[in-house]
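Going in written order, the chains are labelled A, B, C and D, and every chain counts its residues from 1.
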Amino acid sequence: MAKSKFEYVRLFETEDRCLPNSWIVVRVDGKGFHKFSTEHDYEKPNDLRALSLMNNAAMSVMEEFKDICLAYGQSDEYSFVFRKETQVYSRRSAKLSTNVCSLFTSAFVYYWSEHFPTSKPLYPPVFDGRTVLYPSNQNIRDYLSWRQADCHINNLYNTTFWALILKAGLTPVEAEQKLKGTLSGDKNEILFSQFSINYNKEPEMLRKGTILVRRKVPIALPDGGTREKSQIVQQHTDIIGDEFWNENNHLLTIS
Amino acid sequence: MAKSKFEYVRLFETEDRCLPNSWIVVRVDGKGFHKFSTEHDYEKPNDLRALSLMNNAAMSVMEEFKDICLAYGQSDEYSFVFRKETQVYSRRSAKLSTNVCSLFTSAFVYYWSEHFPTSKPLYPPVFDGRTVLYPSNQNIRDYLSWRQADCHINNLYNTTFWALILKAGLTPVEAEQKLKGTLSGDKNEILFSQFSINYNKEPEMLRKGTILVRRKVPIALPDGGTREKSQIVQQHTDIIGDEFWNENNHLLTIS
Amino acid sequence: MAKSKFEYVRLFETEDRCLPNSWIVVRVDGKGFHKFSTEHDYEKPNDLRALSLMNNAAMSVMEEFKDICLAYGQSDEYSFVFRKETQVYSRRSAKLSTNVCSLFTSAFVYYWSEHFPTSKPLYPPVFDGRTVLYPSNQNIRDYLSWRQADCHINNLYNTTFWALILKAGLTPVEAEQKLKGTLSGDKNEILFSQFSINYNKEPEMLRKGTILVRRKVPIALPDGGTREKSQIVQQHTDIIGDEFWNENNHLLTIS
Amino acid sequence: MAKSKFEYVRLFETEDRCLPNSWIVVRVDGKGFHKFSTEHDYEKPNDLRALSLMNNAAMSVMEEFKDICLAYGQSDEYSFVFRKETQVYSRRSAKLSTNVCSLFTSAFVYYWSEHFPTSKPLYPPVFDGRTVLYPSNQNIRDYLSWRQADCHINNLYNTTFWALILKAGLTPVEAEQKLKGTLSGDKNEILFSQFSINYNKEPEMLRKGTILVRRKVPIALPDGGTREKSQIVQQHTDIIGDEFWNENNHLLTIS
């Protein structure tokens, strides 16, 4: 069996190493999740079970890849930020995106029943993935700000849209019509005057999305003492302003 | 909320369109499946449940992507061949590899219980993925021959290795020692003389792997007539020689 | 002098090997040659000195790179076709484009005075370069057809345009206006009826561009015998139809 | 003439935009200049005419590309640093490398006679080019330090090597033998004790290479006043330490 005669085909594989000293983001995105969420009776505008399943899947990814220093999720997407100096998979772009994407998907299906105990997915859900590089600290902060601003804009819209449908009895087409061209202030006003909803008092997880970071936490020892252990914690806070970054200033310094 | 101010970060995403008029292969590979197979009590040298689960996951991928004209699987890997002219995802490399890889993984977990009814995976299994281009028909045939030759070499080794352990009582180290430096003929001889196994009579799925192709099959109509329908069929035949390609000559001609 | 401390910066260089088994074309294009040709009093519509200088520069490139099997030039551009199997510079894209581009430029300046004996260039002329891959024989033929069709279209236009200006006394704006929306037949008709020019009798170098190929030519030996030697020859013939390729069928077969 | 039928071949060209917000370096390197310098009787260890011709060619490049903020040259190579934010040629890698490389080559031939008045090059000289990205200020400084350290190491070696040949009458093989395994201190010692050469007093252009930067210089006006004008100036100073960067701190800040 002349194996060697065929081995030349390996030369057709291409190198795809990421530029050194740059932040590597792998973002996974649900494929066709508008349809998927409808078919699986996701609650509107937000389904807490679905969000906690997303967070669970993201935790699995972050536990596996120690070089992910921060993850940010909202809706059906999650961004994983590898530290600038990571050498995981020799920084090969496709290795990073497919491994993260596969593990995220796998965990999503695997942990489904813990979050949706009464049903099984109707078919295997899919997430796509991409690798993007950001050279500077400002760039990676702006990337995360972009995603959090997107979260805010979509969630304010969806909260108003579904209030109009579920509470005011509008059809989706009527609700869309009503919101066309409205600014943030308009939507806040509709929520408050028509539904007595103060948008700023909505749960932070919905308004801000979920940030995963590693935190040193004290662990009680049998002898009564404590030791520190690194643990992944969830936060739902603003990451656009400086406060988060001042409190987590290790994130943007070379470790 | 100044969304626009952050949107510039999209410019950091790169184009990765595959060269036109070239075969696109996406190969998925189990991550750490040596360990995974041990932890999940895969039968040795081959676990038919695991192979049928792999084939099931591959069928899901091929049903979703109509432009995959052939898939080839063996052990914990599967290669998906997109036809040369495909425009799926504008031929973007990362889109193709992450979507195929995510769906394969998802289906693998989703259909697990149909093939392993008595147990659940201990943790979410992972597959990585890569996209490789092959310009000519000879190149894509050689790629597939490479994978099938690999299947043959590994399966002959594993069959002998595990016969020595399970039937002759050798330890893994002893079995490895005994096989060191042996040629195919030697292993065939060990199997036959020591275990009365004629390797060439072993199941073809194990010796050849699994080929998935689309086939027109006749469907009975209520009125007693028939019509043709495209269906994915499994084969376990040689794809190194010309016979398979002569019988499936539509595969290598532009459709 | 701690050299080693800085050497890590080499890791920032990226691999750019071309896909194997594909035609590699390097095309060089004059930068700002509309202006350059005016400033250097190129004759209109075609300056035979400029074209022979272009051909001279291209010959230099082809003499240096034995793996260029064909070159095609017209106007201020030249395409160099490396054979599919070439391993020059390990098929690195930037190495190929910059070396070809630099040598072409260098020869253009170096041989200038042989073609323009009475003047020196006013400033250093520049050509840019690019590397493009074509997987199949049909693709590379279509690429060359594209360039030759471009040559035809531009030359027919320019011939008519400059006849209107130089022989009929129109201004450039008037000539442009007159040709707006005309088809090939219209331009042929203008040339014939107004200027008694039968376009098809114009020199082939202008209508077809220049093809450079290697040809075995007999060399007379001192003893009265002959031996064959490979030599680069210029042709000005159609490369869109099959005839050229039938006569040069070695070009498209693996050597 | 069916042009459109062939135009599809343009789709085979690939995108190669450089990551935004990163320093872009284009380095040109003489091809076969060891041989070229011998054939053209370059003085050893350094030929001032050749170095001034290199600088002249680099000035031409820097005058053309306003977004080159610094250039560094030594021996037969020159590095051009584009500012991080440049949008020249939409940051397309091949466009940048081929244009810079072509102009550098063109100017080298064009201005040859101004530096070597009594001879013509024996054949067209060639430079290759490459584009490399550096994300951070530290990276770009380290890149330039790498090249200047290289200049130092090579020039110290060459100065000693040629002193041994030209002044002590050794053959090249003997000189090489004598220097094998020597450290910088050893070479300084040989130069001083054997040839009374204090290496640190050698011309800075030879020891440090040439830095080109833009400087605002006062221009006298007819009315007796002055105005500032940006001009390219040559320096031969250390760029490894902080001093140069402190004096030119505009280089590393966003303009």
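In this text, contacts are C-beta pairs under 8 Å (C-beta built on N, C-alpha and C of every residue); 3 or more make two chains touch, one makes a residue touch a chain.
This structure is a prediction, so every number in the text was calculated from the model and none was measured.
At the interface between chain C and chain D, two copies of one sequence, more than half of the residue numbers in use appear on both sides, so the contact is built from largely the same positions. Note: the chain lying farthest from chain B is D, by mean C-alpha position. Centre-to-centre, using mean CA coordinates, chain C is 31 Å away from chain D.
The distance from the centre of chain A to the centre of chain C, each centre being the mean of the chain's C-alpha atoms, comes to 52 Å.
Averaged C-alpha coordinates put the centre of chain B at 46 Å from the centre of chain C. Shown for chain B are the residues that touch two or more other chains, namely 8, 12, 14, 19-21, 133, 139.
Of all residues in chain A, only 19-22, 133, 135-136, 139 touch chain D in the complex they form. The part of chain B that touches chain D in the complex is made up of residues 8, 11-12, 14-15, 17, 19-21.
Against chain D, the residues of chain C that register as touching in their complex are 1-3, 5-10, 12-14, 28, 31, 60, 93-95, 97-99, 101-111, 121, 123-134, 139, 142-143, 145-146, 149-150, 152-153, 184.
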